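What follows is a short report on a single structure.
Chains here go by letter, A, B, C and D, matching the order in which they are written, and residues are numbered from 1 within each.
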Amino acid sequence: MIPEKIDLAHAADRSEWSERFVQVRNTTDALATDLLPEDQTIQSMPDVSPTKWHRAHVTWFFETFLLVPHLRAYRVFAPEFGYLFNSYYQAVGPRHPRPQRGLLSRPSVAEIAAYRNHVTEAMLRLIDEAGEEDWQPLAPLLELGINHEEQHQELIFMDIKHVFSVNPLRPAYARARVAPRAAGHPAMLGWKDFAGGIAEIGHHGCRFAFDNETPRHKVWLEPYRLASRLVTCGEYLAFIEDGGYRRPELWLSDGWAAVEAQGWEAPLYWEREGEGEWSVFTLTGLRPLDLEEPVCHASYYEADAYARWAGKRLPTEAEWERAAAGAKVSAEQGMLHPRPAPSQQVGLSQMIGDVWQWTASSYSPYPGFRAPAGAIGEYNGKFMSGQMVLRGGAVVTPPGHSRVSYRNFFPPMARWAFSGIRLAEDM
Amino acid sequence: MIPEKIDLAHAADRSEWSERFVQVRNTTDALATDLLPEDQTIQSMPDVSPTKWHRAHVTWFFETFLLVPHLRAYRVFAPEFGYLFNSYYQAVGPRHPRPQRGLLSRPSVAEIAAYRNHVTEAMLRLIDEAGEEDWQPLAPLLELGINHEEQHQELIFMDIKHVFSVNPLRPAYARARVAPRAAGHPAMLGWKDFAGGIAEIGHHGCRFAFDNETPRHKVWLEPYRLASRLVTCGEYLAFIEDGGYRRPELWLSDGWAAVEAQGWEAPLYWEREGEGEWSVFTLTGLRPLDLEEPVCHASYYEADAYARWAGKRLPTEAEWERAAAGAKVSAEQGMLHPRPAPSQQVGLSQMIGDVWQWTASSYSPYPGFRAPAGAIGEYNGKFMSGQMVLRGGAVVTPPGHSRVSYRNFFPPMARWAFSGIRLAEDM
Amino acid sequence: MIPEKIDLAHAADRSEWSERFVQVRNTTDALATDLLPEDQTIQSMPDVSPTKWHRAHVTWFFETFLLVPHLRAYRVFAPEFGYLFNSYYQAVGPRHPRPQRGLLSRPSVAEIAAYRNHVTEAMLRLIDEAGEEDWQPLAPLLELGINHEEQHQELIFMDIKHVFSVNPLRPAYARARVAPRAAGHPAMLGWKDFAGGIAEIGHHGCRFAFDNETPRHKVWLEPYRLASRLVTCGEYLAFIEDGGYRRPELWLSDGWAAVEAQGWEAPLYWEREGEGEWSVFTLTGLRPLDLEEPVCHASYYEADAYARWAGKRLPTEAEWERAAAGAKVSAEQGMLHPRPAPSQQVGLSQMIGDVWQWTASSYSPYPGFRAPAGAIGEYNGKFMSGQMVLRGGAVVTPPGHSRVSYRNFFPPMARWAFSGIRLAEDM
Amino acid sequence: MIPEKIDLAHAADRSEWSERFVQVRNTTDALATDLLPEDQTIQSMPDVSPTKWHRAHVTWFFETFLLVPHLRAYRVFAPEFGYLFNSYYQAVGPRHPRPQRGLLSRPSVAEIAAYRNHVTEAMLRLIDEAGEEDWQPLAPLLELGINHEEQHQELIFMDIKHVFSVNPLRPAYARARVAPRAAGHPAMLGWKDFAGGIAEIGHHGCRFAFDNETPRHKVWLEPYRLASRLVTCGEYLAFIEDGGYRRPELWLSDGWAAVEAQGWEAPLYWEREGEGEWSVFTLTGLRPLDLEEPVCHASYYEADAYARWAGKRLPTEAEWERAAAGAKVSAEQGMLHPRPAPSQQVGLSQMIGDVWQWTASSYSPYPGFRAPAGAIGEYNGKFMSGQMVLRGGAVVTPPGHSRVSYRNFFPPMARWAFSGIRLAEDM
């Protein structure tokens, strides 16, 4: 049972910060409990990082941006880790090349565990001892660091899934929890209408958000409709069986080039076992495809082609965010794979916490966006090119990251995120 | 002297169509008059096509989409040309791979001239003889074909410039016309303000436009300012001399990767002759850099980095289009390289016809956009991924293509178009 | 009718040298007579050079190594040609990158013809006017230059064949000369025995040879047999039909990697028209495969795999050279494709002038080999790594180059030379 | 202290075979004793295999070629290991792609240890229980398997050295044993003369040899000289300081291409610390370069260029083998890096067991060579293309493999073997 997360925006005292900090650190370590040192060392493609690298990098983030500038007499654990575990912060110095993260047997998993302990303890001292005037600039950085580590928790799931998938032995990350399937009939696909006009999107309020969710701003929307639930594996299979991967007229030009170059015939992790028989590789191993589950691990190109085949389109991020106002996390927590939509629901289901939903919006700065000064300014802004926005969060997304203004982003060819499809159409 | 173009939207009779058609055909051939067969055969990079290929491809377009379906008893000039000169129309059949267009010595330039004559004559027969009910669907296709050939006229300029640039002999496409430099002082950089609110962009009216310029639609704009003229080479040189190409903090992440991978140190066609001395390769050969000319052949990444260095940003396409309402073509016609802004001008100068201006907008469908059915639907829509919009037209853009709703698009790394920079900022 | 070549080793006076020189220059130009400027400009793969490049390069060789150092007041035709037409002589200065030879429309074919005339005239002056003491060092360089240009005559054939082969129009270099097929039955495959012992190989005598044919030296040979004729297309087809290209056990490891990476299913220029129907692309165009012709355009890997399949092996170059002593050019001169072996012949046929025959010998220096000093030393020696020796000459090899000591060499993967197979076996 | 190896050619009974078998198995495991699971999982380049892969592959060899066909009721440990641990035996079935050996976290190091035990026990049973008529074909396979595992012991050293070298932390494989440097002056470079004539090379006698060392055969040799010791780091440094890596005239054409493409400036593992200061990475970590040690980790191209610079050449394998007759292992056993030559020695020193010595001979079959039938025939023969022969063995070569007829082979660009240089010259 995942405990309720502490709301730092209304934290009464430092102990609540410490508690929240320790919670996120422990959660990260818990993800690696059943992984061998060998598992934590592999980088199966350049996009993937080894588990132990994630565990060290989030630690480096606290050390670099909080401990070194703010904790008196802090002793850096190992100076060379600054080179190894800097991800992409040019302002902080040179980095070990990303595609070579899997070439490092050392520091070992044990050494990284020691590094984590060293930094966690120092951080607790910092939280406890910082004077009030120090605390004011520290608190937002700490909150950022906590959210940053939570983002990497999702990456650990995504990456270890890919690592195991390229192994012919197909290891499972966890034992399957047999979740009771909802009784009753599969959910019908319905549509919900939205009138046109001016809407507002973007983060507001005092709770945490990343810089790319701001500023809140107006947009003009034409009337539109949104599908009541996600596209299912069964619906997607009909696209495949109708020659979806062999008909260039359904695809963006770059998407068709990807189909041909990569030899795509289905979403990532689908495996054809025989005529019409499909399995899917999950964090609990290989198992038969469930036709009522939402399709997952589709690229933007596939989402777009599916929508064209279906005579629909993908929603823009503004259309999605406006419709999501007030939506609740729908998936049971702690699941490692998305589940079918509830068969009976009024309005929109599966908006938050099932699979990330590709939007038709490229990842651009909101009007008036300004990246923060310094290295922290590299967190989001410099990636605003060549990527598409996804919304809604997935079953492996930490609670709280599934807020309606959260903007996830991946290149249109990427498939290793837990990404699926919700349809839209003009009215 | 380029004659006034006939306005087909108000053409009184078929002879006006014939005249316009012949005009565009002759203009294309005139571009190749001084090129040797060897020149017309070269493909200097995959993006570039040989001149003779362009001349054949636009001809194939008329043959495939007009003559074959509509001209009774039309004899296809050479069936195998359908394979060689189809650019990207999947619906029409397989194509010769684009990167191999430069491997074809045959058909020769002379054979392609014969092909052009064959098709021109048949087209004139079709225009003349088509019955009225046939004419209704034909006319829009003919207008599209004419505009298509005009687009390739600009590509011929872009491509032959690149072809000559990779030759150590640095041949010139044309002899330089010494145009009198405007008297007086260089134009100061001013700013024009625009209030926020709802604006409308997109094509309207009865004149020709491409599908991607429609439908006209509303957008919400925050208040903004636009620079009164384009960024000059002198201003861009200050960016270079301030270490612009060595400072990752100024660049988008993908842009910095391009700088490193391509070894960029200046815009395309700039050549450093010595300490602080720069030359630029033009269609009239290599000559010293004129600091007051607009910078040209910059990628989107460079435009974006320059704007960040200058503390400004690029305009969105909506901001640009709204500001451009009523703008006139500013460049003297027939120039092969952009010229300095007039030193005294009220309002915005160099909006139309100098260099294409990168916008901050990715190339996406307008709300409600529908690609036409059939192969013609592949014209624009399938490229709406991974590219950025440019606006305004360049000195090598055929007259008429520089309309305010025209959406040009290139990948953010592309530099061989005549692309420059206009700055914007929030108010 | 190709005239008898003058034997420079016994030339009585300078006029014989002039005559031989003019003859080779005219022969080169004659090869390009029917080629368009477009044809002469194409580089269809990095190994291939454009015809006009060959014509300029051999001219540069005379200019650089004879005219500049030896002809008083010689005016270099165009200084920048030194950069464009140097092939690989590091000692002479930097070069235009080989894979970019096809990006040069200029100098045009006409300019290169003027370059050739300029150099030919200056050379004739040099031959005529050189004082006797100057002549001594000049004569060997002149003879080398003449032989060098002849090597490029063969390369022109090889390269234009490849250029036309990648063109879907499949142009023919020349009209087919219908040569009367020898009457009678196909030649049976026989074997000729050779006793073991010490043999001598390498060039001797006063006639011209390249440095890599020297010094003549002893080798120890075990007893062996040589096949009486070349492997035919029909025999090779049996290998294909027996799964030759699908059975890794028949191939060297690198050869099998090439089969898989390149998708080889037959020799270069073979095209499968249907079930069991094969055509072959030749310099006279595409035509049905003649099963009695020798197989041609096989790589070393294919030759080796065929030999293994046949239970035989390839001969070493020493075995071949010893057996070839006294052999005569067998092919009718001026052919552009190899012909079947004569049906009735005693001893070995097709040893000289049909197709180059792969040997089992890697291209290494002979014991005691010394490359000449200076740039000329780069002619052969620096390529003695990673290549295999071929012997015997082909139908497109200039007369005289088919001498028994001549060592041709190509990488084991190369297929665009006129290369075939002769079998050997241990006794 | 490494015990004397049992000479199986004269083994009195099965227990000697068992003892020798167990010895080689234990030696392999001992090499991994101090390696973490993380260390044993890394593949730092496609040529390198993870330690745990080596440990499993040699085990698979015994299982596949001995246990499965010969041990009644043998239970295969894990059927899927046949796919994972087959190196290159096409006849045995498909394999996991070599460049992806580093993507496998499972089977874990612990599972591979269990696999080793399972196979070792079964093998001991087989050795013990095989009937005499079974034993006859088994014994040679067992001896091959033992020698095969010994070859992989050397590969484990080579590969883990490379794995650690790409890690910025530069881990050491072992603690340095401070070996006493020989007293006295460095060894002078002398020359030993050999008369020309017929020599015999290749394996003879009843002891084990690989197929590629046979058959013993005659060769003709011209008179030659061999250097009395290996080229030292100090001598090689003079080559570097004389511009060796910047002078194309010293290099084979392919070698110079490698210098430029790879940016070579010194042998692998040399690191320039400052002006004229060099360190070298060894299995005991990074330490200052010892100028009297033999140069190591040079490619063939570098060995050849050095020899040309020195006015000498590399010996052929026949020259080397004839000179090595009767040579003894010179290095102290158990060293992990080569040591300087003894200062006083008559004749040739460092012939056996210091560093592998590149020869001028490409790796080709000996006259009359026949690969064995079946999968075992793939052991050596199919690699006889594109590689050069090395002779003499290195400090990391298992005792016994340093016999004078042993033919090691690597591509001319390879540098991660312990490969050095001995000079030769014509007399």
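Keep in mind that, in the parts below, a contact is a pair of C-beta atoms (placed from the backbone, for glycine too) under 8 Å apart; a residue touches a chain by one contact, two chains touch by 3 or more.
In this text, all values refer to a predicted model and were calculated from it rather than measured experimentally.
Taking each chain's centre as the mean of its CA atoms, A is the chain most distant from chain C. Rounded to a whole number, the gap between the C-alpha centres of chain C and chain D is 39 angstrom. Between chain B and chain C the centroid-to-centroid distance comes to 47 Å (mean Cα coordinates, whole Å).
The distance from the centre of chain B to the centre of chain D, each centre being the mean of the chain's C-alpha atoms, comes to 60 Å.
Contact with two or more other chains is made by no residue of chain B. If you draw each protein chain as a dot and join the dots that touch, you get one closed loop, with every dot joined to exactly two others. Across the complex, chain A meets chain D through its residues 36-42, 44, 80, 83-84, 96, 100, 102-109, 163-164, 166-169, 171. The part of chain B that touches chain A in the complex is made up of residues 88, 90-91, 198, 217-220, 222, 248-249, 251-256, 300-301, 304, 360-362, 364-365, 367-368, 378, 382-386, 412, 426.
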